[in-house]
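Structures follow.
The same subunit A turns up in both complexes below, where it pairs with subunit B and then with subunit C.
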Partner chain A sequence: MQSEIRKKLLDAFSNNEDQYLSGQTLADTIGCSRTAIWKHIEELRKDGFELEAIRNKGYRIVKTPERVSADEIRLGLKTKYLGQSIHYEDAVDSTQRVAHRLAYDQSMEGTVVVAEEQTLGRGRMERKWYSPKYTGIWMSIILRPKIPLPKAPQLTLIAAVAVVQAIEELTELTPQIKWPNDILINGKKMTGILTELQAEADQINSVIIGMGINVNQKLEDFPIELREIATSLAIEQGVYFSRSAIIRSVLTHLEKLYFIYIEKGFFPIKILWESYAISIGKTIKARTLSNVIEGKALGITDDGVLRIEDHSGEIHYIYSADIELSE
Partner chain B sequence: MLKVQEIRELIKLVDQSNIDEFVYESEGSKIKMKKNAVETITVSQPQQVAIPAVQPQQVAEPVAVQVVQSAPTQPVQEVVKEDTSNLHKITSPMVGTFYQSPSPDADVYVKPGSKVTKDSVVCIVEAMKLFNEIEAEVNGEIVEILVKDGQLVEYGQPLFLVKPE
Partner chain C sequence: MQSEIRKKLLDAFSNNEDQYLSGQTLADTIGCSRTAIWKHIEELRKDGFELEAIRNKGYRIVKTPERVSADEIRLGLKTKYLGQSIHYEDAVDSTQRVAHRLAYDQSMEGTVVVAEEQTLGRGRMERKWYSPKYTGIWMSIILRPKIPLPKAPQLTLIAAVAVVQAIEELTELTPQIKWPNDILINGKKMTGILTELQAEADQINSVIIGMGINVNQKLEDFPIELREIATSLAIEQGVYFSRSAIIRSVLTHLEKLYFIYIEKGFFPIKILWESYAISIGKTIKARTLSNVIEGKALGITDDGVLRIEDHSGEIHYIYSADIELSE
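Our next item is the complex of A and B:
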């Protein structure tokens, strides 16, 4: 939703390309107060515009935010299925909801839903996922794998490996996976993945993989309560990244791994997953709805189930839990 | 096997004594008496007869055993007598954690007595952050929920009993 003032403000800059416009000039042209102009300039900055402000001269737009529209993603994308159909939105409640609807309407395998902003981004247990405009990758991918339904959870581990490989390819960072598929950098969460299934009894109709990848947020962009536990690629490496390039890379890696998985099963993925895992060999806590299991993470089974050995030597198989790394 | 007369005599003796528990076993027959707030007397031959369940039972292996659980609003006898063979079982299509509601704070999808249609979501089964919304698959009424919120369920394990319409 663009306000009338913002529209006029952007028009004024468009009509006077590369010129400095003073707050007073803008206020007169648009017909509002200078305070309102200042407020809207700040809003633009929050949305990823870079504005230069020079005393006695005024404002000038230096850089507009990068979008992740279908065109921008497609340029250079060399996949067979993933991203061959892209559904782009400026703002949505959640890309998962849109993807669910598309999947239900028989959209093709590999359809991607991407948005600049999610107003109701969510994670496990409907926890809120903070997804502000132009800063990260808020994306859902529709797959239609011909595999037995009980194997579907393995796809969430495959998605995690794909994101790690993409980050390794495009940055100098070393991401790690926390079971089953959180991606951390220096111990802070950089990516969350949530997957949902559409099934008819025992038959998979579609698997919808939702990802939130924190790319260009600055530390002050995160709410205070998240600053200790969340991070972005820009915070970690000190530069901004092209979100569409990361999307292309994620889709390319995911497709490759997905083909390997369909052809050869989970085993090759398991080895990759374990090579990126943060918790193997360490003491961790697995918190479920009813109890907490503490012990050493031994690894994952051939199905991707987490194995923990507690202090008495008993081995627990974990299917769902929040994992905490003990100090 | 002891005669009824003899058993009666034993009960009387035990009752008058300070003994709390009395077990008598002979030739495959077994008599067990217990003096608590609730006295139970069981006689079995040759194997011990199960005590009829009055309370809802917790069973360690939920896969194989049919648990008789009383719905809160219905008299116990009615449930016990009810024939469940005509009820539709909603089973879990995968191993994972059973959730009755989309989040701990949210309302449950269904409870006993809830009317459902084929595509009503009745619960979520989750494994490795893959969420599977389970649908009722029949039109009808939820009679019983066979598992607890947060419980790990097996592949094929019955989750709900539904009375089809």
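Our next item is the complex of A and C:
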């Protein structure tokens, strides 16, 4: 329950912005000892917060752990390809656009583009992705798998499993996957994944996996229209997380899964994916470009295609759709 | 046989570069009347050549018809989409690279990139494409067909038919297609086509068709190693051609074929394609990434895949290969 105290501590500071709070005031507000407060203050410092302490006045947060750097990501990264080349940008239109250019210009497999801010972040089907400065992970990863074109969407599912594993490793949260590309916590969207590709006729040149992971946003950082449907790790667990640690973990898990995939195909990934999937066995509505299919989500095929059984018992194979839980 | 005189006339000028040739000298060399020489000189002028005529000295070519402009291409272009937006560049690394960026940035369907020179022109599989200034057509066309990913290579075949039709319309030559993407005249490569695509998971965002058409090169314009295997329209017919007229014709034919394809599928294109194909019925060697298959080329499937029957009677389906005529 350490994180409970930390959450309340951060809430106290954020409710009294720019004011000094004494150890006693904090202890009283939170309902714990002054020693506990002192211990958590030290932990915040370790995590990159800058706190000012003035005798007889108390503590004030001067700076939250904001920026990520390529060096910081590399520190302790033990992957073979992923992240061996990192393009760190302060602000870009979208990391996908930057990665597309790098991919076309023959950048090496595993090249990663990370930006602190996207001014034109996008999700699937040209939907806007809200990606403000210093709060989330806006990242694109270039892969060059030698697989047939129609298998490329499987990489979305692989990336989703990697993000879930990273979140499970570094937080106390339990993310779930909504086919094909959303990762939810407590029913709210925490991560979106966008898989794009460049090909020469029938041969993949590059697959560009983009991900937006909401990490340190507070609820009020989201536009009002997103507050009901979006969330961040910080909102859910009440602590701030090191974004570079999460990036490292995502890259590590993704590389491991990618190697398994290249060697053994999609089947081992499918097992993992289904274990995290929110919709399997539930009644869902799948909106495709041409129609809406309602029925029970049976799972995904060995190729990653969603199978739905409608009310008449007919099985539908869904390659691309928006999914809505009907319950 | 008008073009025969014109060819000899241009040869005479090019063999005596920067010298004045009198009407009489030209008539004697070519073996025609001075009136015929005069008539052809006027025709060259109409085609964009600048000729200087000095009394008692004769004629000299000052400038060949060199540059193309977006306006010139547009003049008389009656397409609905193709070429309605033209990006004309003097020199680029490759028109494909420029078109990739435009395509990713949502440029409209039918956008065309034309450059006078490519410093890094490429063919299939990263092969260099020699594209010197003012001599050929280096062009990329952005399409946005709503077709499944695996059908994208069909657009290479559609583009090849369009180029053949344009050449047939504007020249006296008979081009032939070598599967999948070469257009030959008298067995030498006159045009190469490179089809690339960008997709979001399983949906095509854009198909970018690049073509290099050798138009006005003289034999000595090609590097020595290419002189045996490459050719240009000018070399084959002995006249210079208006590159903008060819571009217009290619765009017009391509749009017509593309509309047929979108409406009726690949089958009508397949019939046309096979009528121009050099290899059908012949013994060929197909080098794929993994092996070499020798046998009789039977044709292409309704999907555009090459069918080869090997010596044991087994049928092979070739999605991607280099083809060599065995005879």
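In the analysis below, the second predicted complex is superposed on the first by the 264 of 327 C-alpha atoms of A that agree within 3 Å, B and C clash if a C-alpha of one lies under 4 Å from a C-alpha of the other, contacts with A are read in each partner's own complex, and residues count from 1 in each chain.
The rule we apply is simple: a residue touches a chain if its C-beta (ideal position, glycine included) is under 8 Å from a C-beta of that chain, and two chains touch if they have at least 3 such contacts.
Remember, it's a predicted structure, so these values are computed and weren't measured experimentally.
Engineer: With everything superposed onto subunit A, say whether subunit B and subunit C fit together or clash.
Structural biologist: Overlaying the two complexes on subunit A (C-alpha atoms) leaves subunit C and subunit B clashing.
Engineer: In the overlaid three-chain picture, which partner chain does A:101 touch, first (subunit B) or second (subunit C), both, or neither?
Structural biologist: In the superposition, A:101 contacts subunit C only.
Engineer: With the two structures laid over each other on chain A, which partner does A:157 touch: subunit B (first), subunit C (second), both, or neither?
Structural biologist: first
Engineer: Touching A:195 in the superposition: subunit B (first), subunit C (second), both, neither?
Structural biologist: Both: A:195 reaches subunit B and subunit C.
Engineer: Look at A:319 in the shared chain and tell me whether it touches subunit B only, subunit C only, both, or neither; answer first, second, both or neither.
Structural biologist: Both partners, subunit B and subunit C.
Engineer: Just checking: does A:124 make contact with subunit B only, subunit C only, both, or neither of them? Give me first, second, both or neither.
Structural biologist: After superposition on chain A, A:124 lies in contact with both partners, subunit B and subunit C.
Engineer: So, does A:205 touch the first partner subunit B, the second partner subunit C, both, or neither?
Structural biologist: So A:205 only meets subunit C here.
Engineer: Is A:12 touching anything from subunit B or subunit C once the two structures are fitted on A? First, second, both or neither.
Structural biologist: neither
Engineer: Considering 2-10, 56-64, 218-226 or 254-262, which region of subunit C has C-alpha atoms that clash with subunit B after the structures are aligned on chain A?
Structural biologist: Comparing the options 2-10, 56-64, 218-226 or 254-262, the clashing one for subunit C against subunit B is 254-262.
Engineer: Could you pull out which residues of subunit A sit against subunit B in one structure and against subunit C in the other?
Structural biologist: Comparing the two interfaces on subunit A, one with subunit B and one with subunit C, the shared residues are 124-125, 149-150, 152-153, 156, 180, 194-197, 199, 201-202, 319-320.
Engineer: Mind pulling up the subunit B residues that touch subunit A in the complex?
Structural biologist: 93-97, 99, 102-104, 106, 126-133, 137, 149-152, 155
Engineer: Spell out the part of subunit C that touches subunit A in their complex, as residue ranges.
Structural biologist: Against subunit A, the touching part of subunit C is residues 97, 100-101, 104-105, 124-125, 148-150, 152-153, 156, 180, 194-203, 205, 319-320.
Engineer: Mind pulling up the subunit A residues that touch subunit B in the complex?
Structural biologist: That would be residues 124-127, 149-150, 152-157, 180-181, 193-197, 199, 201-202, 207, 288-290, 304-305, 319-320 of subunit A.
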